[in-house]
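One chain, chain A, links the two complexes that follow: it is found with chain B in the first and with chain C in the second.
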Partner chain A sequence: MAEFYQHLLNTLVLGGTYALLGIGLTLIFGIMNVVNFTHGALYTVGAYLTYLAVAALGLNFFLALPAAILGGLVLGAAIELVLLRPLRGSDIDTTMLVMIGAGIVLQSGTLWLFGGVAKAIPTPFPEAPLQIGPVSVSWLRLFVLGAALTLIVLTYVLINRTRLGLAMRAAFQDHDTAALMGVNVRLIYTATFAIGSSLAAAAGALLGPVYVVFPQMGGMAELKAFAIVILGGLGNITGAAIGGFILALAEELGAGYISSGYRDAMGFLIIIAVLVFKPTGLFAKAERIG
Partner chain B sequence: MTRLAPLAVLAGLGLLPLALGTNPYLLNAMITTGILIIAAMSLNLLLGFTGQLSLGHIAFFGIGAYVSALTSLGFDVDLGFGLRVVHAPWPAAIGFPLAILAAGACGWLVGRLSFRVRGAYFVIVTISFAEVVRLVALNWVELTQGPLALTGIPAFTLGLPGLGTWTLKTKLQNYYLVLSVGTLCYLIVARLVGSRFGRAMRGLKENESLALSVGIDATRTLTIAAVISAGMAGAAGSLYAHYLRIIDPDVFQFSTTVTMVIMVVGGGKGTLLGPIIGGVIFGMLPVALRPVMAPEAQWMVYGLVLIAILFVVPKGIVPGLAGLVRRRAGPAPAPLAAEVHP
Partner chain C sequence: MTRKTLAPALTHALALSLVLASSTAYAQAIRIGVNEPLTGAFAASGTYVVNGAKIAADEINAKGGVLGRKIELVIEDNKSNPTEAAAVAEKLITSDKTPVLMGAWGSSLTLAVMPKLADYETAMLVETSSSGKITTSGNPYVFRISPPSSLEAETFAPMVAKLGLKKVDFLILNNDFGRGAAADFGTMLKGKGVAVGLVETMDQGAQDMSAQLSKLKASDSDTIMITSAVDQLVLIFKQMAALGLKKRVITTGGSQNPDQIIAQAGSAAEGTMHLTTFLPWFPEKTPNPQATAYFIGEWNNRGFQFAGVTESFRGYDGIRAIAQAIEKAGSAEPAAITKAFWSVDFTGLNGPIRFIKAGPAGKESGQSKPDVYLIEIRDGKVAVPTL
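Coming up: the complex of A and B.
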């Protein structure tokens, strides 16, 4: 039973970052109707920014996370302004392919700059794990969980309690009407993509120190984000948050009780199950109109 | 004129080894490019003619490669529950149709699952499917040897009754084998696209509700297209396995799918010649870039080129050129693209 509790605890830590990844992706899809194939690359960039800040610049570990988030925000805004804004109005396939191109540039750029050798990010946390009854958890993982939950709550507040969030929700429902009501939809798109990207970068910055950092790490993260988003329903933010934890649980239990080699296949199994039993996702409300 | 263009391309490709000599490095690049072009043609059938982007196309290619290799190598697998499957090696030529069947069956499965819903689902299901197949190839060591690779895959042996047999060991023989299979695939795609089924595919792409209203079964049409496309990719994979004669889970790299996508989009999706022209350009580009750039920088160039194409010639090179020719010649006969894409 202790083993099971340990899996549950690991699920929480992993699920928090997965939820961040999923929320970022679903936000961009829901509001902009863009399948963001740079999401994984931005996750990688977030991890490498943390590595740069901590290992190369000697910055405080706790400042590295905001730095990575800021980096994701700026890079996301740049991608939107340069690549997506001129393509507004073209079909979803074209933007998808452009995003694939941008993802390749970012990923191979990371490989070019940092080389293919995996890097470890030093952390200020003690090596000895915290023992809570039958389970143990490292201080670093606890910090990751806390930070992820904080960011999820912040995103929720941003979307549901601020004027920017109100405008984003208006653009989500109907961008033409939102524009007529005086919402600067172009600005909302840039903000949305920047925020979604910063969430991916944050997830990378948080999981980077837990594992190691390497240029291809984003590919798998992106697939997981897709699974989470399909599970939660495309464009559904609460669904993505819950979906993140469900995927983490499936992976933990799958790796623990079935086979660790197929841990990363759980996302695909979830996608299949969703498509077979409830194609609109677990938490679908109405289909998006327009 | 338009009828002659494919023949001219075929003649050009047929004579290419004579013009370039038998430099093994160049010939190798041409063979792998040719195999990738076959895969790109199969991808074009989906992306270009039905508008469905398969980002896991490498899965069908890789499945074809593994099925063909395992058919000719034989295996001995314990499935558990006292079930043990032993397969004695068969000739490589039997692996080829089996590869097509297996890949086609996977295409059916993926199509049936993801065409229940429209939109981004097919893309995401195919890309995840490819990753899972890679994981299986990596982890099912008993069958696939995992990262140790399947080695010693025999070359194709062609036999004609009364004329003896040939084993296709040299690069030149393989080049012409790939060219023949590629020509066959081109003819199949051309025939298919011009048929009633082809019109159904394009109808779904242009306006799904309208296509439905005239009685086209959308899910069935899309699934059949996925099966044919996957089978063709499997054929390319089989060629690849018996040419390289070694296969490891790295065949499932996402970057190969991206190369196919660039070939199709760059050449002109929804045109018959697009994947071939695009394939020759982007298949041989690494050969041109290799002396001047590191591989990771080459990939950056690939990404930038993909973006540039979509911004500058969003329809691709072939329709772009056809448009240029049409403007030069005034109201000339129908351009290449119009043949299949009015």
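Coming up: the complex of A and C.
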């Protein structure tokens, strides 16, 4: 039974960051109708920003996370202004291709700047784990879980309790009417893409110190983010949050009790099942965006 | 000469000089293809091997080269991906016209390259891969200086009783490297009366092994044998510490770079044991102390991290073996070099480099028999355990 509880605890920690990744992606898709293929690269950039801040600049570990989030926010806004704004109104395939290209540029950029050898980020947490009965968890992972949950709640509040969130929801429901009501829709798009990007960067900044940082780390993260978004229903934030935890649970239990060789396959098996039996996602009935 | 004729004449002269320049450059240097993972999951290891290879090439060229010509390394990145590794081999042989290759680090990468070697009848020196299949599948263009996992297991066999192993679980990469190790060590352990429990696998790029480790924590074995490369080992040791998993750990494969493990995993690596093929910490205990001292000195001069030498020495020895094969061949033709590999004979940094026949008769591959050592990380340093 101890093994089972350990798997559940691992799920919680992993699920928190998966949820962050999924929310960022689904937010951008839901509001802007853009499939963001730079999501994985932004995750990588977030991790490298943390590495730069902590290992190269010697910044406090806890300041590195806000720095990475800010970096993701700025980079996301730049991508929206330079690439997406001129393409507004063009078909979804064109934007998709441009985003794939931008993703490749970002990934190759990190490879060029930092080299292919993985980097480790030092943390101030003790190596000895926290022992809770039969299970144990590292302090770093507890911090990651706490930070991820905080960011999820903050995003929820931003969308449901602020004027910016109200404008985002209005633009999502009917962007012409929102514009007539005086909502600056162009600004909303930039803000949405920046926020979505900063969530990807935050996930990278949180998981970078747990694992190691290397230029291709975003590839699998991006695939998983897509899996989570499909699982939760496109554009559904609550669905993405829950989807993140479901994917983590499937991976943990799949690897623990079925076969560890197929750990990463578990998530994709779930997507196939969802697409076959409930193509709109598990939570499609919930109100989208918020 | 009028203006009209001047331009074509100049173009002609330029074209001619370009042809001459490229053909003289070609005649001067003997090109050696290097097919290594410089990005992807094995980037760290592949980069180390390439840096070791460069030291060998510079040393050989400083002494006048081979057959009176310089050697030139043509280095390509196989991206830790078998499909890319095969494509890189094809490019090196057909486009760069390299008469001999070194590569491709991982077993799955090397196995993917091997059909290309047969297609183009070009030999490859295998510097790192450990899967048994490489030298037993009847490819006469393969010459390996790294130990197959069966040889590692054989060297480890006398230590099994001394360490008091009772039951062993495996945590291995889900590829030819990992599965080959689990099979060879499993057979050896069962022969010694040691029980073999779980065999848990992980993908080469996997970063979270908590699920596998939680399962291993709950098993009743006393030892976990792990087969992977340094980056993943660092993660595994950290995650083991986080899960409070305290069992004896022995890693195989020779790509552990213990100093990098100590630096990145810290106290989580304390007490772990590693089967390695080079003892740079104790140059006096290596088979060729003088060469070891030169290599380590040169490595440090170039400002590389000391952690890399346990990996990079294979690139160094590999290029030295290739250079000797070219020398003995007396020409830079692929067929002559392939034949000459059989007469290569010198003391490398981890034992004699001399190829003996392995695999099916008539199509034998070459296998050298290097030394294998067991080391332990104790008090944040590398030590040789007294057994």
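Here, the second predicted complex is superposed on the first by the 285 of 290 C-alpha atoms of A that agree within 3 Å, B and C clash if a C-alpha of one lies under 4 Å from a C-alpha of the other, contacts with A are read in each partner's own complex, and residues count from 1 in each chain.
Keep this in mind: a contact is a pair of C-beta atoms (placed from the backbone, for glycine too) under 8 Å apart; a residue touches a chain by one contact, two chains touch by 3 or more.
All of these numbers come straight from a predicted model, not from anything done at the bench.
In the three-chain model built by superposing on chain A, chain B clashes with chain C. In the superposition on chain A, contact is made by A:Pro279 with chain B only, not with chain C.
Once chain A of one complex is fitted onto chain A of the other, the partner contacts of A:Leu25 are absent, as it touches neither chain B nor chain C. In the superposed model, A:Asp264 lies in contact with both chain B and chain C. Looking at the shared chain after the overlay, A:Phe226 reaches chain B, while chain C stays out of its contact range. Once the two complexes are overlaid on the shared chain, A:Val54 sits clear of chain B and of chain C alike.
By the touch criterion defined above, A:Leu111 lies against chain B and chain C together after alignment on the C-alpha atoms of chain A. Of the two partner chains, chain B is the only one touched by A:Thr94; chain C is not.
For the contact definition in use here, the residues of chain A common to its chain B contact set and its chain C contact set are 111, 220, 259, 261, 264. Chain A makes touch with chain B in their complex at residues 29, 35, 83, 86-87, 90, 92-94, 96-98, 100-105, 107-109, 111-112, 219-220, 223, 226-227, 230, 234, 259, 261-262, 264-265, 267-268, 271-272, 275-276, 279-280. Residues of chain C touching chain A in their complex: 38-41, 43-44, 47, 174, 200-203, 205-208, 210-212, 214-215, 217-218, 231, 234-235, 238, 241-244, 264, 266-268.
Of all residues in chain A, those touching chain C in their complex are 2-3, 6-7, 10, 14, 111, 115-118, 120, 127-129, 131, 136-138, 140-141, 207, 211-212, 214-217, 220, 251-256, 259-261, 263-264. The touching residues of chain B, counted against chain A in their complex, run 47, 51, 53, 55, 113-114, 116-117, 119-121, 123-125, 127-129, 131-132, 135-136, 138-139, 254-255, 258, 261, 265, 294, 296-297, 299-300, 302-307, 310-311, 314.
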